[in-house]
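In the two assemblies presented below, chain A is common to both, partnered first by chain B and then by chain C.
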Partner chain A sequence: MKKWTPYLLVSPYILHFAVFVAFPVLFSVVLTFHSWNIISPMQYIGLANYKHLFKDRLFWQAVWNTVRFLLVHIPLQLIVAIVMAELLNRTVRGASFFRAAFFLPVIVSGVVVTILWQQLLSFNSGLLNRLLAALSVPRIAWLDDPAVAMYSIAVMATWKNVGLYIILFLVGLQSVPMQYYEAADLEGATNWQKFRFITLPMINPTIFTVVVLSTISGFSLFVEPYIMTQGGPMNTTLSAVMYIYRQAFQYYHMGYSATLGFCFALIILFVVIIQRRYVEQEV
Partner chain B sequence: MAEVILRHIAKAYPGGPKVIKDVNIEVKDREFVVLVGPSGCGKSTLLRMIAGLEDITNGDLLIGGQRINDRAPKDRDIAMVFQNYALYPHMTVYDNMAFGLKLRNMASDEIRQRVTNAAKILEIENLLDRKPKDMSGGQRQRVAIGRAIVRNPKVFLFDEPLSNLDAKLRGQTRIELQKLHRDLQATMIYVTHDQIEAMTLGDRIVVLRNGDVLQYDTPLALYNQPANLFVAGFIGSPPMNFLPGRIVNSDKKVSFESTGGLVRIDLSTSIHRTALASYEGREVTLGVRAEHIREQSIGLSRDNYSAEMDTLIDVVEHMGSEILTYFTIEERRFVAKLHGGATVTFDQPIALFWEVNKLHFFDTQTEQAIR
Partner chain C sequence: MLLILAAVSFIYPFIWMVSASLSSESGLGDLTLFPVGFTGSNYVTVFTKIPLDRAFLNSSFVAILTTGLVLVSGAMVGYALAKLDFAGRDWIFYLIIFTMTLPFQITLIPNYITMVRFGWVDTYLALIVPFALNSFSILLFRQAFQSLPQALIDAARMDGANEMRIIFQILIPNILPTVLTITILTFMGLWNEALWPLIVIRDESRMTMPQLVTLFSVGGRAEGQLGVKIAAAVLLAIPIVILYLFFQKHFIRSMASSGLKD
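Showing the complex of A and B:
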């Protein structure tokens, strides 16, 4: 083997990493100190982008909107995924069918799912409001009421993604040795006590993984509000990523957009560190 | 009273054959009974049926005189020590031991007292704050026993609890388990595949094969009067030597003749001669334990040993106090446990004697002992 053979073997990855990861990250850091609209040359403006960011109320509203989305999306996702995984973990007839069925939305295109849900949640012709009307319950403006719109999107996003987390929890549940439950049976534990004192602590690593994955995917919320509400009503469904996208590709504020992206990445990192501490201690 | 009675107990999985067939066992109050047998004989299944972790297909299971077939495991007042200990990895030793008591809403002072007492008995007081991953196999083993003790159950069940320990620790823990049984005065049922564990621990031993009880008796009875060929071969280390042959009755003298004709043993002084006489001409299997083959006849009266037999030694294992001497008769490997001072040399002829009254005979067809 020649001396350079190992380098040759890892070169495709290094090349990919350099072009698609390292360069964009470094370039975006450089961009945060510049003003650039793609066409004109970059102009160094020091910390002006950062100063502007702290005064930009719409950005902070978008961050808050995203947090509101996460506050519903993550617990809902966790609870639904754990409960469904528990049910699917039992040896019931058709378990394989249900496992596949629940995973299906994950592999369907986000745009398709979003359009489908837009129809379902439509104020006048949506299936959900028709059902409410049939029950003589007043219709709800699922996507037009500022107090409701973001939560409707959160439920939809949960439906779309929960299949993946069900699979993760199923794997977690199946890795808990049967003997722990048998020992608990002899100790006199009820089903709930077995779940609370054995299952939950034993699937703690999976819970952490799911919380982090859904936090990161939740923070990158874009397709759903972009198609369903375009950030409205009254910017209540404007997500942080959507705002960054607008700054970059509608207003061509590339430098400012990079600053927003950089700052937002730090916020995500901070949240994940907090989650890690909390989940590891409490669950 | 915590006697355990298994009456016509059977177990079959849906669509499958019976894995436990008509088992009848009575375990007396405070008795230590060992279920022993090779892998797949049904011993663990039987224990799990007593625990309530497996359904009973047929028969009655009684603990303390009450039929408990349909009672949930928690309502049977039993505790079980699992093969892999089943200690909850996220709990400390204290929490592991206190878990069952907490579930029963016992007062925390009482819990503390019970856990501390059990920890004292098992000498694990200094481990109470540790988690299972920070302990050795032997320490985990003690915690698993401690978890059973704190509940103060009627019956203790052990499912191969020593199988994950090394040989030295296994020996030590065996002694401690005996002591524990004496101190707790509890009924214990213990599963193992290791016949040495069974012999050293059990007041009585149940030998199982393919879901059948082959013999249920005291360790010495199993050793000295095995009911069948399987028990004879399974109990004892080194295992019993076997030699097929037939009973010959000539000139009113009953004798055994091996199939190849190399061995002929006069049985006219045997305590089993009457029973053996009725087997004339039929195929039997002779069984002899390694220690009942001797290199000299000192200490044996002429009536008690057969005519000497010359053989060539294949392998010699010096164990210190004894010598395991291997030789071949009619293509069957034999082992004799000779005194440590005996002069035995590899590949040298030696005269060996068989103690006639210590020989066992089995019907080759039914495998049952002839007595």
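Showing the complex of A and C:
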């Protein structure tokens, strides 16, 4: 083996890293200090983009929308995934069938899931409102009511992703040694106590993984609101990525959309670090 | 009991989707398992309105070629990191970890500008090259190669094999499960990706399936014809669902390993 062989082997990575990671990160910092519509020359504008961002109602709206999304999405995801994993863990017959069923939405495109749910949630003929009507409950404007629309998307996203998290929790549950439960039974522990003091600490790393992955997916929402609501009603489903997209490709504000991307990335890293501290201390 | 109810709520919507796509427009509102007023006209209409057959070929071409490139580049870099000793190796490893934690929102706009500068907008290159290598698959390859005995490599070197032959002819056959995992994850990710194509492709004849279906369903061309829109969604889902039916266990295992990475 020649001395430069290892470098030749890693050269694709170095090249890719330089062009698609290092350069864009540095260039995005440069862009945040400029105004640029991609056609005329870049114009240095100092901190104007950042100043504008702090006063930009839509930026804060997108942050707030993401927070509202996560407040429903994360707890729902955890509860459904843990309950289903517990049930699957006890089921012997047909477990693989159920697993396969829960996993179906995970593998198809978000585009498919969104078009499907758009019909399920439609005001006049959607499945959900038909069920409500059958129970003589008034119909709900799942996608047209500003107070409801983002939560509808959060429920849809849970339906799409939860299959993966059921599997992750199932792996976690199966790693808990049976002796722990047997010992707890001898001590006369209740089911809740067994869950709280044996199961929960053992699956804590999985909970952390699910919280982080869900957070990242919340900040990455795009096709779901794009197809479902185009960010409406009244921008209540405008997501972070959608707002970056809108600024860049509707208004051609390259400098400002780079600033948005940069700040959203900082927020994501910040939130994930906080979650690491908090979730790992918990339990 | 709860399980069955849950399973129904996961499967029924898909069945409804297929039967709705085969129903006439007036029968669409019904919640049956079977098509109402059976007709294939929605599918015929989709193809007359958008070049979905072309998009299918584009998607297949891009996803297959890119997955191949990810496997080759991932194996090369992963092997070097796992089995070779050279200055800067740990640095590269840290860079890969760093890249994985970097939110894509920060690179989205600059990468688009790079595509414009390269003149790659509206070309397959824009869909392939940025995805031709990914950090996660390098790490998976690295892990897999580390588990193989050094003796295998030493013996091959004695026989005069060069490093490329060692990687692709001698080592790869021993880590086929890893290859399958990376293939599934990469292919699925590429097949379903809609955001990046929406940014770099405007020419309809170069569009991928998820992109075309997205634009079709928001663009008003499907207006008033829900059945057509649903038919487009079914066509987008079919290829990946077929693969899933064949490789179900591998899909689940691969996805689980991607979630358990940290």
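In this text, the second predicted complex is superposed on the first by the 282 of 283 C-alpha atoms of A that agree within 3 Å, B and C clash if a C-alpha of one lies under 4 Å from a C-alpha of the other, contacts with A are read in each partner's own complex, and residues count from 1 in each chain.
As a working rule, a contact is a pair of C-beta atoms (placed from the backbone, for glycine too) under 8 Å apart; a residue touches a chain by one contact, two chains touch by 3 or more.
All figures in this text were calculated on a predicted structure; none of them were measured in a lab.
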{"item": "Fit or clash between chain C and chain B when superposed on chain A", "value": "fit"}
{"item": "First (chain B), second (chain C), both or neither touched by A:Q179", "value": "first"}
{"item": "After the two structures are overlaid on chain A, angle v-u-w for chain B, chain A, chain C in degrees (C-alpha centres, nearest 10)", "value": "90"}
{"item": "First, second, both or neither for A:V271, with chain B first and chain C second", "value": "neither"}
{"item": "Partner chain in contact with A:Y7 - chain B first, chain C second, else both or neither", "value": "second"}
{"item": "More chain A residues in contact - chain B or chain C", "value": "C"}
{"item": "Chain B versus chain C as contact partner of A:L128, first or second or both or neither", "value": "neither"}
{"item": "Partner chain in contact with A:I140 - chain B first, chain C second, else both or neither", "value": "neither"}
{"item": "Contacts of A:V241 with chain B and chain C, given as first, second, both or neither", "value": "second"}
{"item": "First, second, both or neither for A:F197, with chain B first and chain C second", "value": "first"}
{"item": "Chain B versus chain C as contact partner of A:V171, first or second or both or neither", "value": "second"}
{"item": "Closest Cα approach, chain C to chain B, once both complexes are overlaid on chain A (Å)", "value": "20"}
{"item": "Residues of chain A that lie at the interface with chain B and also at the interface with chain C", "value": "none"}
{"item": "Residues of chain A that touch chain B when the two form their complex", "value": "177, 179-180, 182-189, 193, 197-198, 201-202, 204"}
{"item": "Touching residues on chain C, where the partner in the complex is chain A", "value": "2-3, 6-7, 9-11, 13-14, 16-17, 20, 28-29, 31, 73, 76-77, 79-81, 84-86, 89, 92, 95-96, 99, 101-114, 116, 130, 132-133, 138, 157, 163, 188, 191-192, 194-195, 198-199, 210, 213-214, 217-218, 226, 229-230, 232-234, 236-237, 240-241, 244, 248, 251-252, 255-256, 259-260, 262"}
{"item": "Partner chain C, residues of chain A touching it in the complex", "value": "1, 5-7, 9-10, 12-14, 16-17, 19-21, 23-25, 27-28, 31, 38, 83-84, 87-88, 91, 97-112, 115-117, 119-120, 124-125, 127, 130, 159, 163-165, 167-168, 171, 209, 212-213, 216, 219-220, 222-223, 226-227, 230, 240-241, 244-245, 248-249, 254, 257-258, 260-262, 264-265, 268-269"}
{"item": "Complex contact set, residues of chain B against chain A", "value": "51-53, 72-74, 78-80, 82, 84, 86, 88-90, 99-100, 103-104, 147, 151"}
